[in-house]
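The block underneath contains the structure these notes are about, expressed in structure tokens.
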Amino acid sequence: MQRIGVFVCHCGTNIAATVDVKAVAEALGHEAGVVISQDYQYMCSESGQNLVKNAIKEHKLTGVVVCSCSPRMHENTFRKAAASAGLNPYLVEIANIREQCSWIHKDIASATEKAIILGRAAIAKVHLNTPLTSMESPVVKRALVIGGGIAGIQTALDIAEAGFEVDIVEKEPTIGGKMAQIDKTFPTLDCAACILTPKMVEASQNEKITIHSFSEVSDVKGFVGNFTVTIKKKARYVDETKCTGCGLCTEKCPMKKVPNEFNMGLDNRRAVYIPFAQAVPKVATIDPNYCMMLKNGKCGVCSKVCSAGAIDYKQTDRFVEQKYGAIVVATGFNPIKLDKYDEFAYSYCPDVVTSLELERLMNAAGPNGGTLLRPSDKTHPHTIVFVQCVGSRCDDGKGKQYCSKICCMYTAKHAMLIREKYPDTEVYVFYIDVRTPGKNFDEFYRRAVEQYNVHYIKGMVGKVSPKADGKIDVQASDLLAGEQLHINADMVVLAAAIEPDKTARPLATMLTTQMDTNDFFTEAHPKLRPVESATAGIFLSGACQGPKDIPETVAQASAAAAKAIGLLCKNSITCNPCVAHSDELMCNGCSACEKVCPYGAITYQDKEFRMPNRTTAVRRVASVNPAVCQGCGACTVACPSGAMDLNGFSNSQIMAEVDAICK
Amino acid sequence: MQVNENFKPVIVAFCCNWCSYAGADLSGTNRLNYPANVKIIRVPCSCRVNPMFILRAFQKGADGVIICGCHPGDCHYTSGNYFTRRRITLLYSMLDFLGIERKRTRLEWVSAAEGAKFASVMEQFVSDVQKLGPNRRLEDLRCRKQ
Amino acid sequence: MNKNLKDWIDITSGVNVRKCMRCGKCTATCPSYNEMEYHPHQFVYMVERGEIEPLINSESLYKCLTCFVCVERCPRNVEPAKVVEAVRLAAVRRQGKNHLSAEQIPPALDDDMPQQAIVTAFRKYTK
Amino acid sequence: MQEAMIKRAVQLLADGTVNRVMGWKRGEFVYDITPAVFTTAEELEKDFVCDDFTQANLSKYLVKESRKEGKILAFLKPCDTYSFNQLVKEHRIIRENVYVIGIPGGPKLDIEKIKAKGITGILSVENENYTLKIETIYGTETMPFSEAVSGKCSGCKSKKHVAYDELIGDDGEVLDSNRFDMVAKLENMTSQERFDFWRGELSKCIRCNACRNVCPACTCENCVFDNPKSGIDQKAAADSFEEKMFHIIRAFHVAGRCTDCGECSRVCPQNIPLHLLNRKFIKDINELYGEYQAGADTTSRAPLNNYNADDCEPSVVHERGVE
């Protein structure tokens, strides 16, 4: 038999002025199961709470209903009070008779009547409340960072700084990502390598950080605080522990005609290669698509010249399994493919390049040693046209609908650098809008226009046609002058839209995190939780969440690190006990609940059940991971058999409230 | 149509804890009056509202049922209200198909900042139901107080 | 501004002119640019503003080759050529402004002209 | 057809591919058909039947049968394969344990429509060039085939098999059916007319649960209406609301999963057109969220377990048609 205590608060005159609290206490005292019904001036005060505590002890209460202000205000206060008196805190219910009654109604009779009904509903619910205990789930004190660009490096450094072990998984042979390919950074024009490579070295030397280069995540199991991740270490045919990075093999390899992806294919590398001089780890990698030894067993030069004996043609993919408490995704971006934009002649004219290719062309470590030359004939370009928004802000099915955000600024940077280094070169920038929100960004763009005399023209380039004399005819409109222009250019630079890395989509499936239609990871809340994914324990760093420049990426990387550190600092996580649970006897294993769960908290297992006549049957049933479930209840409605229910807001509890209100 | 002034409709409002319930609290904080017929049931998310609850309310004598949730895209649980929208659209369509008056059911998006909207939505909903009169088509006569 | 005419153009062309982000790519490669008073992007913008009369009265209407380069290139899928065609239709369908009368046809005939072209033209250019 | 099926079934039993066969057998009367499991060639030759009355959808029985030892052969009509697929998708049928032979579908006959002509004492029904020759104890009667076609076949949506291991006969196409006509007709009535229609129909309900028990989408281990924890468990219809609630909730639970096989209306002893409730949901889903045929595949997400950020608001319900 339930023994319920009802406590009606006056809240000074806030409630008592429009609700006859005495009458409410009197009426609720007659409800079934209620053994004590009291009113008091301020229930949330010390003495008010003591009233509740004493009543719990004295009357051996099995449930408490407090008629007071909104549960959003004092539910926790009364739960704590109950707990300190030895009553499970989840046996307390609040009837909101202030915000939703006394404050909005003027007529005492109807407000009192409503307060009584709200009290009845709370009593009806508390009859069905069950004691709930918060589960504790241990936290593995190690983080995984997926992606070793500037975002991943920064996150890893911050987490290591806080004293936690952290692993970086990078799919390329070296960490560094896109920033390593960039020449200079806006708006300060300092060299990217000069600020990035010290961080790369720091990461490699930090004993808390383990770098898995040339590796991929192949499987993720578990949940917040306790992920088990399988990392595939791809065969690089070089023993990482032996290779000293001397680079002799990369000079002697006879296979010279391999497009160098680090330089965007603008020059060649060998079949055995180190992507760039400051690579971390500085270890050679053999490209099995080109290596003669691996292809037909004839060559072996690298093995002969390697004094460390690091070359291992028999190496295979290895799998490493590791446990992590937190995972940070930092998979970054890529420029989109421009094969659908025939009008820009990108696919067949070598002098039409993307901005990232221009970075390499201008970089001192690039294919031309830093001298800007046309890729076709290695001559100095005198007229360069930049085209903005190539594939960004497109609604034509060929490009991306979003603004790629970084192009306006890097184009201003490119234009400025070219004008500074080669004052005889005319630079035209065709823009739709110039977007420069950011510290010192607009000043930077204005400098390009005012000091460096870059020709900014509002309008779009419609067609790029290479001519027989090697020049390029750029046909465009100047909307402000109302003219159709033809520019006789030497080079055209396309600001290609950026898109999330292709590895992100399968990764999101493994992590059960959500993505938007553009394959950017979705943050848990667009304003208030920008670096967390909706899946607990998974954080987002850098451009995998949306287009970002370097300062923003680093800021977000550190924010993600802070969130991960916050999680790793805990020995265990206290889970909200108001989570879903599945009644195995009712469950059909139909997977409807799994489909609507935003957190991937539901898994299935085959379980053996006793059937009539001493037989058994194996059935697939759902089970909810209480550490992952956030208690939204979407699954409870998707479940046709009613097997899925929600603690604290169960079907029967809500139904009882409905009945009490409609009675 | 004759409007019975003495008829006090019973209105059940399911409010999502994160948006609409907070919006209801805000309308209280701002002392924005709406009819006392509205009784709110707190749910963690609008997607917790099972069609069974709605039918149960009608069965037990409710004259109108309204569900309030976060605006699409603002769900605390990222996608709950999108499921709500489909489920409730289909359910309301079915109730309409069975000949239940359309204005007895409603779904509204009310954010935690929209106290005024909450009050005006309730005001309007109650007056719509008031005009319809008691729920005769969908009630369980046994449960009705005489 | 003639609201009805604008609505008519919107419906006939099937183009949502509000999708235009004013990049001018349509105008950039329009082969009739030099002959036109109003250029493709202006067509879109003027229809958006409801300034359709000047377009109807402009010779630009008949300079558009309907080559669809603007449609092909537009990043926003606005389809300027369809707007031009809709305005052209608006001009053609005006009462009392028939561009072709039955009497004009015999002198225009020559042996090479396909019968179908005459019928089509007559249908299209009369109300 | 029947001979070819028996022959193939006997073969598959003999070579050990399957150890049971799911089909139909005749009851006391020729039109009294019941689903049955056969284990031997003798049983098959004696009792197996496939004729104009073998309407029953066998898919649901495979939920239990596919969990037994060994593989079972099931003969599925095109409409049954949709239910089969849907159940495979929901992990209710273990696909590996079923050998599916697709057989041509109807139109099948509804004995009630023959009896409605005043024909009684039926001994046999033969289809001769779309004229039914009915032998009765009182003599021979005839009637056009088309007038006796079962309700579930008259709105046939597809003659295509969406799941099978082999076919007997040819595969057909998805049809352009008129199955939503009645729903549309109801939608165009006034609210009061609709209410009167449904009150008339649903008040006939005796809560025998036949619709639930035959429905291949209602395969819950325990129905929510039998679950005391659900808060709405009911024994029988005690008042006019409860059957309404039962049918609305049942339709809602199968919404997006119902393949429109028509079994619910076929088995209803009170002849309530229950399929209209399901078709209403299917029609709404098609119109509001894009065409969706449950069971057409085993991978797509059910429309109610899916969403689009720009889905319509529920107010569309209130804005369309007549009040």
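Just so it is clear, A, B, C and D label the chains in written order, and each chain counts residues from 1 on its own.
The definition used in the following text is that a contact is a pair of C-beta atoms (placed from the backbone, for glycine too) under 8 Å apart; a residue touches a chain by one contact, two chains touch by 3 or more.
Keep in mind it's a predicted model, so treat the numbers as computed, not measured.
**Student:** Pick the pair with more C-beta contacts: A-B or A-D?
**Tutor:** If we tally the C-beta pairs in contact for A-B and A-D, the bigger total goes to A-B.
**Student:** Report the most central chain, judged by the distance from each chain's C-alpha mean to the global C-alpha mean.
**Tutor:** Per-chain C-alpha centroids ranked by distance to the global centroid put A first.
**Student:** Roughly how far is chain A from chain B, centre to centre by C-alpha average, rounded to an integer in Å?
**Tutor:** Whole-Å distance between the two chain centres: 35.
**Student:** Roughly how far is chain A from chain D, going centre to centre by Cα mean, in whole Å?
**Tutor:** Between these chains, centre-to-centre, one finds 46 Å.
**Student:** Using CA atom averages as chain centres, what separation in Å is found between chain B and chain C?
**Tutor:** 52
**Student:** Could you work out how far the Cα centre of chain C sits from that of chain D, in whole Å?
**Tutor:** Here the centre of chain D sits 56 Å away from the centre of chain C.
**Student:** Two-or-more-chain contact residues of chain B, please, as numbers and ranges.
**Tutor:** 51-52, 56, 79, 83, 87
**Student:** So which stretches of chain D touch two or more other chains?
**Tutor:** Only 224, 230-232, 304-306 qualify.
**Student:** Please output the residues of chain A touching chain D within their complex, sorted ascending.
**Tutor:** 583, 585-592, 595-596, 604, 617-620, 638, 640-643, 645, 650-652, 655-656
**Student:** Going by the contact rule set out above, which residues of chain B touch chain A in the complex?
**Tutor:** 10, 12, 17, 21-22, 24-29, 31-34, 36, 39-45, 47-53, 56-57, 60-62, 76-80, 83, 87, 119, 143, 145
**Student:** Under the touch definition given earlier, write down the residues of chain B that touch chain D in their complex.
**Tutor:** 51-52, 55-56, 58-59, 72-73, 79, 82-83, 85-103, 106-107, 137-142
**Student:** Contact residues on chain D for chain B in the complex?
**Tutor:** Counting only chain D, the residues touching chain B are 183, 186-187, 191-199, 224, 230-232, 238-242, 244-245, 248-249, 251-252, 255, 277, 280-281, 284-285, 288-289, 303-309, 311-318, 323.
**Student:** Write out the stretch or stretches of chain D touching chain A in their complex.
**Tutor:** Residue list for chain D touching chain A: 67, 90-92, 219-224, 227, 229-232, 253-254, 301-302, 304-306.
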